[in-house]
Amino acid sequence: ACGSDDSEDTSTDSNAGGTEEESDFTVSMVTDTGGIDDKSFNQSAWEGMQAFGEENGLEEGVDGFKYFQSNNDADYVTNINTAARNDFDLVFGIGFLLTEAIEQVAAQQTDTNFAIVDSVAEGDNVASITFKEHEGSFLVGVAAGLTTESDKIGFVGGVESDLINKFAAGFKAGVEAVNPDAEIDIQFAGDFNNASRGQQMAAAMYGSGADVIYHAAGGTGNGVFTEAKNLKQQDPDRQVWVIGVDRDQAAEGALEADGEELNVTLTSMVKRVDIAVQDVSKQAMDGEFPGGEVIEYGIEEDGISIAETQDNLSQEILDEIESYQQQILDGEIEVPSTLE
Amino acid sequence: MFNRAQTILIPVISVALGLLIGAVVMIVSGYNPIDGYGALLKGSLGETFYIGETIRQITPYIFAGLAVAFAFRTGLFNIGVEGQLLVGWIASVWVGLAFDLPKIIHLPMAIAAGAIAGALWAFIPGILKARLRVHEVIVTIMMNYIALHLVNYLVRYVISDEQNTTDRVPESASLKSPFFEALTEFSTMHYGIFIALAGAIIYFIILEKTSTGFELRSVGFNQNASEYAGMNVNRNIVLSMVISGAFAGLGGAMEGLGTFGYGFIHGAFSGVGFDGIAVALLGGNVAIGVVLAAALFGILKQGALIMPLESGVPTELVEIVIAIIIFFVASSYIIAYLLQRFKKGAQ
Amino acid sequence: MDILSAIEILVKSMLFASAPLIFTALGGVFSERSGVVNIGLEGLMVIGAFAAVVFNITFASALGASTPWVALLVAMGIGGLFSLIHAVASISFRADHVVSGVAINFLALGLGVYLVKAWYGAGQTDKIPEPLYYQKIPLLYDIPVIGPILFNNYVTSYLAIIVAFIAWFVLFKTPFGLRLRSVGEHPLAADTMGINVYKMRYIAVVISGVLGGLGGGVYAQTITQDFSGSTITGQGFIALAAVIFGKWHPIGAMGAALFFGLAQSLAIIGSSFPLLADVPNWILLSAPYVLTILALAGFIGRADAPKAIGTSYIKGKR
Amino acid sequence: MDYVIEMLNIRKEFPGIVANDNITLQLKKGEIHALLGENGAGKSTLMNVLFGLYQPEKGEIRVKGQKVNITSPNIANELGIGMVHQHFMLVDTFTVTENIVLGSEPKKGLSIDMKKAEKEVQEISDRYGLSVDPKAKIADISVGMQQRAEILKTLYRGAEILIFDEPTAVLTPQEIKELIQIFKTLIAEGKSIILITHKLKEIIAVCDRVTVIRKGVGIDTLDVEGATPTQLASLMVGREVLFTTEKTTAVPKDVVLEISGLNVKDSRGVAAVRNLDLTVRSGEILGIAGVDGNGQSELIEAITGLRKISSGSIKLNGKKLSALKTRKITEAGVGHIPQDRHKHGLVLDFPIGDNMVLQTYYQRPYSKMSMLNNKEINKQAKKLIKEFDVRTPSEYTQARALSGGNQQKAIIGREIDRDPDLLIAAQPTRGLDVGAIEFIHQRLIDQRDKGKAVLLLSFELEEIMNVSDKIAVIYEGNIIATVDPKKTSEQELGLLMAGSKKKEAGEKKDV
């Protein structure tokens, strides 16, 4: 979305939709080093912002909505500050890595509103947006627990952190809820960009009998898909599944074997950063900015869900998931958010 | 081989050529180079805020450049600046958090901790090279990865209570400068730049003005002759790595105590250490050169952040420009040759 | 996990993780044996990965199953072309080889990502439609016990090992190899023997580009299956380490790359052993790097680089 | 007259200097033609032109009457011209055979036919009496064998005309004898030879004609028959040259260096110095004569602390040196002019000024409290440059840019100026012209006359005989005889050096 073509696209789009009422509200976001096309939460956030812009007749740019790309950890403060200085009414920091930076700038730029995604930051002009990843992970855990035939399930995390632990904890609880016999092997790659290690880890897990792996490891997760697809390609009848993360990762699992279209993506745990971004932007535009508050997006708030692509899940499993989802909504199940 | 005028002229020409070719790349891919460079300039030097940010960027580049350059001058190739920087960073933060002391003691202590940690991290490849002749390039590359994993572990399990970041270092150990922040409209500029400039001066003095530097350079050029002259070659190899690592560690301390003020879990390398190789080489491995090269890097990298905002040009353009500048500086022979040709032609 | 399947996993992981490193390291061996330092291996891998992925995405529908192989050829070609920059700078323009190599690294990454953004409007490409898959090698796979352990992997992994032996043959058994090495040891002597020093070095650097491009292409088409700025993150430097670790010898470099792949998979397998369960994760994650250092430190006899490495040959100068 | 080579009016310029100015050299078939001139006169340049390494600005080259254009060594090879360079052109890590066949390798299929190559090398070496081990690595063989490998390289390519650029500078007397024998075989085979050497006696002994050049200009070509060394020398230098170094009789006094029961191992761990005893007194020059490889290098390295000793003791003025580090030994009063000036003597990338204080940079006045005092350093450098006539643009010039002779003068100046009680001079005049040699010899004698002890190591008997007050012959790591130079002859010494102990020369072993 960096290219000139793109910005033209968006501008014509918003011109086309120019029938909507004009607003002088401006909003921007600062990515972490993943960038706006990380196929993960940065991208999702940007999609949300674009949708918000379109809906409200904003143009991409300083007078509408805009993203700032961070190339380095040291760029966070700079970018957030630059955004504030360019008079954006609301500035999102995407990713927990930006927490400190948001806090710091928010304390200085008191006229601007800020929001942090995936973390909690202090400040009256800061809204903290977190997700109940553990809830969604619980649901895919249910899918995994019911799908596994070997009773061995893997989890590949990127770098160990509170956030990634939330995924692991919810997942584990989900599996245990439906399949107490299943073993869960939780591993961390120590890296979000090491596909090679991801593939090695997946090879070790599948090789020792696991048949479902849930990854929360960014680019390292690429390797998990690669290994699964390889195994599936060699033996289309073999049971190998990957559960995607953050967005619907069905495309990542597609392959062709013996002329047959297959897919190793069992399902994905979807985190709707886009919805959260739109939501908070709307509130801010309407003068109801939730400054100082922590907004948790879970299943209830449509912030967390299981992916739309569910072709690989049987109806029974879908029903089970549905029922657990209801129990979570009803508060009958309290999903743990830390590994203990 | 080159005269004085050329040593100044060649980098200038290289930078001009780099920018020129960058402009061509922009035109070819449908951007307006004037807008692009305008944005770059504005985003690095156009406002006091950006100037502050640029200066802050330059700070670690100076140290990383000095670290690589120091090793180079003494015949060693330190690709491990990245790792040494990380351990220096975390060590300085650790000391910053662990003690409660008056600033006059605490800050120097935290900075020293960064230098010492970097030095220790570089001591390992140094001693392996000196004692066992293990190639420092391999060891320093490997030590980078080890540092990354170790530091992440320390942040999470030792310095913090299973958090993603450590606490902020207290004021007594902080390089943050409310004065500069106010002056530059809340940029992250901190006092580190002065330490970096002091570092460059110290670099110059150690290497060019002390008898230790004499030895280090001598060993760098010719180990046999140095041994003949009674110098302890192995000791100098270790010392060189240690000083190089100390510079890198100081770079880390600038980040830990200044730019950030805390330590955090790194998903990947920051790249500053690798950029340091380019800074050092661009600066001809001399102190003033390193400072100037770091300034160029800082300006380009900082400006690159604003470029997409103002002109739509992808930030990567800057990497291309940097690459071309490095290429031409490296090929200074041909530039000097052409210059001579040109001069002759004119006469 | 029983021992046999543990070994199977180890070997498998080692083979696929090492293959890109082997190709690239072999490229490094050629270049450095001719006297040209090549710290640009990282950049050559980047450009190879970029070329292979873009080609794969663009031509998959037209070429079908042969796409990845043609893409590898393209990656080799582009890698070779790209390395010409390094060659021109370090051989003809007498540039410091390290500086020029650093420029290659910057340029490859910058250009790769810049073009991806320009062409696809995103910082990373889609998944390639036609990746490479594991293959059971006919006949060999049927050997009891060993077959399934050794002969079920990417064809490129075997290719890497074969290329290592070919490289050894070329460098140490053929006139071309003798000349190439002579140019790296004593270019003036080679010149007096009527060997064109510049030509040999150009060829060697281009070979390193071809093999580096191949390494990157293999990495992208077997492991990541897409391209972004973080596809190649340090593999080229590990390959450089393998060149030195392997004492500038093709078989040595291959061994070093395999060793590294093995150490990595050992650490991963290790973490599932109860014995190591309490070892902090960072130690296991660091294990491959620590093991490499230990292996080096334990090695008896140090490696001597080609004598003329890093020096520009200037005709008519003594 | 049929000349095989004619170089007519050759002019070759380098930036700022005319290395060859209108030089003519004609080589008859079957002759050994000497090319004589001071350091830097332009001999190597002229030969490199002939070999195709340099292109002349002017002039004409004819091979067997045919005008040719030699643009690369390849063409020279094709024309049957081979060159044995001043600095060997051998790849250390290759075998003798690999070096010889490089560039024209016999092939079997795709690979080199090493068997065939080795056989061919063996054949040629047998034919010309050039004994080499075809399979040995260059790094592992003696300088003499390396040179034979160089000669084989040219013969393998069928060279008819052989150029030797200072081939004897690095050889021991025995090896020189062998080389002269080889020359004769080559001539008998119908080859022609151009020989560059600074040793006038060699010219008289083996050459037919000689061409003398001075500062890039051809002076004369004359028949060797009837010519005397003095005549040749003055032609070359342009003034009278004295040959015997003027010196008074030595008055040895106190013992300065005392070595007893010394054992040292070489790099491979083999005993190189065995149970060696040696004494050097103040006011005398002790020359060590011996064939290369008999422990000389190890002995010097042991004295200077560069090599660990296995047992025995080394004392300087009664103080034990053997446990000390090089620096302490230097400080105790040992000066060392090393054998290999590029490897040990100088940091070539340093300016001459810094090289002048290579061992003393940390002492006053060059350093105060660890800070260098560049003013003092350069002052010292200027002084030495002047005193020792080092030809350099300035003290800031990189040592690399100086000619070999001037580099050597710089080292000698540095070592002598420290006024060491013991000065070790290892091959101090290797590769230098007569003028420079004279200068250096005089300096060594001056040291002696100042009451210092000098230990001179040389493979050149003439130098040893002329300069030393006493000669110790080293053989297989041991001093097997000590003789008075006035009472011995080169023949006698040669025999001793070859290990024949039958002679208890002029004096008894007095050590």
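Should a chain be cited, it is by its letter among A, B, C and D, assigned in written order, with residues numbered from 1 in that chain.
FYI, a residue touches a chain if its C-beta (ideal position, glycine included) is under 8 Å from a C-beta of that chain, and two chains touch if they have at least 3 such contacts.
Keep in mind the model is a prediction, meaning the values are calculated, not measured.
Q: Decide which interface, C-D or B-C, involves more C-beta pairs in contact, and give its chain pair.
A: Pair with more contacting C-beta pairs, B-C versus C-D: B-C.
Q: Can you work out the whole-Å distance between the CA centroids of chain A and chain D?
A: Distance between chain centres, rounded to whole Å: 75 Å.
Q: Using mean CA coordinates as chain centres, what's the chain B-chain C distance in Å?
A: A distance of 28 Å separates the two centres.
Q: State, to the nearest whole Å, the distance from the C-alpha centre of chain C to the C-alpha centre of chain D.
A: 46
Q: Between chain B and chain D, what's the gap in Å when you average each chain's C-alpha atoms?
A: 47
Q: For chain A, write out the residues touching at least two other chains, lowest number first.
A: Each of 2-3, 160, 190, 193 in chain A touches at least two other chains.
Q: Check each residue of chain B and list the ones that touch at least two other chains.
A: 30, 149, 152, 268, 314 - these are the residues of chain B that touch more than one other chain.
Q: Quick one: which residues in chain D touch 2 or more of the other chains?
A: In chain D, nothing touches at least two other chains.
Q: According to the definition of touch, which chains form touching pairs?
A: Between chains, contact exists in these pairs: A-B, A-C, B-C, B-D, C-D.
Q: Could you pull out which chain A residues touch chain C in their complex?
A: Residues of chain A touching chain C: 1-3, 5-6, 35-39, 160, 185, 187-190, 193-197, 199-201, 203-204, 207-209, 219, 222-223, 225-226, 229-231, 233-234, 251-252, 254.
Q: Of all residues in chain C, which touch chain D in the complex?
A: Within the complex, chain C touches chain D at residues 169, 173-175, 178-179, 181-182, 185-186, 188-195, 304, 307, 316, 318.
Q: Sort out for me which residues of chain B touch chain C in the complex.
A: Residues in contact with chain C: 25, 29-30, 77, 79, 128, 132-135, 137-139, 141-146, 149-150, 152-153, 157, 268-269, 274, 277-278, 281-282, 314, 316-320, 322-324, 326-327, 329-334.
Q: Could you list, by residue number, the parts of chain C that touch chain A in their complex?
A: Going through chain C, the ones touching chain A are 1, 5-6, 8-9, 12-13, 16-17, 117-118, 121-124, 126-127, 131, 133-136, 152, 219, 222-226, 228-231, 233, 235, 264-265, 268-269, 271-272, 281-282, 285.
Q: Spell out the part of chain C that touches chain B in their complex, as residue ranges.
A: Residue positions touching the partner: 85, 89-90, 92-96, 98-100, 102-107, 109-111, 113-114, 117-118, 229-230, 233-234, 237-238, 240-241, 244-245, 280-282, 285-286, 288-290, 292-293, 296-297, 299, 302-303.
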